[in-house]
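In the two complexes that follow, subunit A is the common piece, with subunit B as its partner first and subunit C second.
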Partner chain A sequence: MIARTVLSAEEIRRAVRRIAHEIVERNHGLADVVLVGMRTRGVPLANRLAEAIGEIEDASVPVGALDIGLYRDDIASRAPHVQPTDLPMAMEGRTVILVDDVLYTGRSIRAALNALTDFGRPAAIQLAVLVDRGHRQLPIRADYVGKNIPTALHEDVDVLLEETDGHDEVRIAREEGEQ
Partner chain B sequence: MPARPAQLVLEDGTVFRGESFGADVTSAGEVVFSTAMTGYQEMLTDPSFAGQVLVLTYPLAGNYGINAEDVESKRIQVAGLVVHEACDAPSHWRSERTLGEYLASESIPGIAGVDTRALTRKLRSAGVMMGAVTSDETPEQALARLRSAPRYGEVDLVRGVSTDEPYEWDPAASDVRLKPDPQRNVVVVDDGVKYNIMRLLAERGCRVTALPPDASAETILALSPDGILFSPGPGDPKFLDYQVATVRSLIGKAPILGICLGHQVLGRAFGADTFKLKFGHRGANHPVQDVETGRVHITAQNHGYAVDPDGLSSDIEVSQVHLNDGTCEGLRHRSEPVMSIQYHSEASPGPLDNVYVFDRFVEMMDAVNSG
Partner chain C sequence: MIRATSQEQAVAPRSGDERKWTRQHLLDVDDLSGDEIGLLMETADSMKEVLGRDVPRVPTLRGRTVVTLFYEASTRTRASFELAGKALGADVINVAAGGSSVEKGESLIDTVRTLQAVGADVLVMRHGSSGAPHLVARHVRSSVINAGDGWHAHPTQALLDLYTMRAHLGDVRGRRVVIVGDIAHSRVARSNIWLLSNAGAEVTVCGPATLLPAGLRSGDPPVEEPQALPRVNVETDLDAAVEGADVLMALRLQKERMTGGLLPSLREYATLYQLNESRVARAASGALVMHPGPINEGVEISPAVASSLQSVIDEQVTNGVAVRMAALLLMCGVKTG
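Our next item is the complex of A and B:
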């Protein structure tokens, strides 16, 4: 296994701060904005965004957690593992910013959109991701991207976060012998 | 006499129309569905359904009537019953009255003629929600009542279904094949226990004493129990944090079995959090896998909350998982005789595949006693 770091802790911190600024700018403030992190690593990222936005705007943005276990399209071939979904309020009329660590095929975002709209009809849904690694299989794009990282299909993008993994780092890993 | 029109009103404003077949009153609760094909009498009297309006997905209910024996507690516990079709001409040698008569006799409303498939699909996609069954109010009145009433998760339902006083289970009151001389003392902490748990323990040579939910560890140990069982019950386990301390001080004192709500209390005692499932597990065909052996058991279930094993201490491990969603269905202590299951091993209704859990509980007691 060969791994190389593509984002350091400091770079992750800067990316989160920049996205926070973009969210405030794009939405002309924060009225009705709610951050919804996708489990597992989207949740700590959503919390960090909320914290960064709080420092910029002196306002608090509600944060929720969304589990997409039962909405995945590969549910028939792999056993789902459901974790708590915890939305702080009704989604009706809100601007929901969906937060995930890596955007890849777009399939989990598709699942999240379905899961979210089952809870109500948001005014708008936007997508924020720390890493966009390409290789989309669905017509989905992110509104806020921490870093675009071109990858090969055989590579893995690992996002490690303090809250879940002990330290902050994004790295690309591939099996030895693969080019 | 033509049946009176009735409505099921959901908190999101949806109205399902049908006809009344129980008491002509208005009653509200959390609307949940069970996929069990039979066993409506056991489900109606299961204390874990307190505060809930029960929807049966099987399209016909009441066809084998109501008898005197198949109750799981002393009264109907559901707030209301929703069915597609209610049979008013039951046929069974034990039947004494119809389902509608039974509901009416305990002032519980029932509504028939509802498209329970559409209703269940709604609950599966939007999650369980509050609802009211009414035949004496307009949908607007019922909706206003719903919006002002406390929500399911805000009520400590255990107090309403458990016992205030200790009592000894009388096996003669039930047709159990009794061992002549009970050799073991079991204390059941009654959070809303089902009779079949008592019957199955009595059949296995246990003298069963039930205590109120707030019984202290000292009170429990004063009865010199060979085993302690934390029972199923209704509502959010967060209301039972006083039992968490009791469980902690009982570890190592006697074998402990937690079932359903008792399992959630045990999970919390070992550091885990509990969370509300979107639409719960209710029915008689839920597949659960034993992590150690890989064997799958078909289980009866009735729970709306689950243990999130993330916070569990290293003393205890997840022993069983639900195959539909991967949630925790059982815990086992690594060194002490402590185990718990999220499903209903006592069935009633449901498959009897899992009564072995009671045999294991008895084995745990005997191992401690002989060791």
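Our next item is the complex of A and C:
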């Protein structure tokens, strides 16, 4: 595989801080806001957002983890690998901010929306992603985007995070031999 | 190959969990790898989270059909598979041999072919003959899960027992597990011996010599065939066996063994091999008391022990649903062409 870096560790840090500011600005008071990270890499991102919001607003925003493995529509084509969902409270009446690393076809988000509603009826659901790489297959858009990165279909966007991969970097990778 | 441009560099693919379930059937536990056992246990953890929800149901297997085909009586295993399938959103059809075309003389193979033709994705099967599920697996495209065959194997029972032990003890490596009762005629004992040994536990089987399988009785020549059971400790004195044990598992004593001349009387069996309070007291403190059910209270286990705080018998039943959900989910994720 060959890859080029599209976001450095410093750029990721700044993107997270900017999204945190946007979340604060848009949800005055943050009273009912809960951050829900989508496994795997949405969870550390949600934790970072909560920390950044805490620095800006002196408010503590609860963080949960959502696994969408049981809600995917392609179980036959990929071996299911599921982890427990861990939400800090009922979603009833909350403003839920879903957090994921990459927004691509929108199918994961569709699955996450279905999963979330099994835990109650949120007042609103917003979506925060570190990278929007395009190629949507469903009518889904993000409310907060770290960076829009145009990609080709044969490319992979790898988000590497300190917590899961040892260092922070977003890179575009493709198999050698692919143009 | 295209050379990397200046800001491009060769990298290893981003790491992820590469463990994959590749088995189409779950017929036995003797050949499960450590990774497969780990994947099943972790998946069962997620299933347990689903079962703890207000509405314990997810749509994962919507449109899939699970058929339970039971040629032997069962309450908990069949109900547990049915609940597991429904919690995952599958359609579940229960077929009992009594009342089906089996009574008209339909052969096993014809029955399973019919069930496959009506769209069974997974066949959960219990049969009195050892190896029946293996035979069926060779004749159908559906996944086959062995829910107990003769004296041979009961994979999901052993898996739920291991899951329950891990929930209390963590890693079972080096833990001492005593299985007491009719070892020779028990598929539960056999599957537990295999699975617990593979997981690194130290297994002791205990029972009267007439109820120990060939190869384990004192004086038997050692069995060196590949299908022989793994090495376990054998003890005919329960008081000695329980000393310092971490898990005490009693098996159901089937009363028909009495007529076979293998036991002198129930009372004598209870005196020598019942899990009672004084025996539990000799085990490690906080030792788990387990039983696959159904229980003959006052025979293989005393009522006080069965309902004591150390007893995880009810939990075994609850965990059974989670483990069976994990098995169904993993099987349905395998492409069968």
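We take it that the second predicted complex is superposed on the first by the 179 of 179 C-alpha atoms of A that agree within 3 Å, B and C clash if a C-alpha of one lies under 4 Å from a C-alpha of the other, contacts with A are read in each partner's own complex, and residues count from 1 in each chain.
In this text, a contact is a pair of C-beta atoms (placed from the backbone, for glycine too) under 8 Å apart; a residue touches a chain by one contact, two chains touch by 3 or more.
Keep in mind it's a predicted model, so treat the numbers as computed, not measured.
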item	value
Subunit C versus subunit B on the shared subunit A, clash or fit after superposition	clash
Comparing the two partners subunit B and subunit C, which touches a greater set of residues in subunit A	C
Partner chain in contact with A:Phe119 - subunit B first, subunit C second, else both or neither	both
Touching partner for A:Leu160 - first (subunit B), second (subunit C), both, neither	second
Which superposed partner A:Gly69 touches (first subunit B, second subunit C, both, neither)	both
Partner chain in contact with A:Arg171 - subunit B first, subunit C second, else both or neither	second
First (subunit B), second (subunit C), both or neither touched by A:Ser60	neither
Partner chain(s) touched by A:Val82 [first = subunit B, second = subunit C, both, neither]	both
Contacts of A:Ser8 with subunit B and subunit C, given as first, second, both or neither	neither
Partner chain(s) touched by A:Asn148 [first = subunit B, second = subunit C, both, neither]	neither
Subunit C region in steric overlap with subunit B, selected from 8-16, 26-34, 98-106 or 134-142	26-34
Subunit C-contacting residues of subunit A that also contact subunit B	69-70, 79-86, 118-119
Complex interface listing, subunit C residues touching subunit A	1-2, 4-5, 7-15, 17, 19-21, 39, 42-43, 45-46, 48-50, 53, 55, 57-61, 88, 329-330, 332-335
Touch list for subunit B against partner subunit A, complex	125-127, 275-278, 308, 323-327
Subunit A - residues contacting subunit C, complex	1-5, 67, 69-72, 75-86, 114, 118-119, 156, 158, 160, 165, 171, 173, 176-179
Residues of subunit A touching subunit B in the complex	69-70, 79-86, 118-119
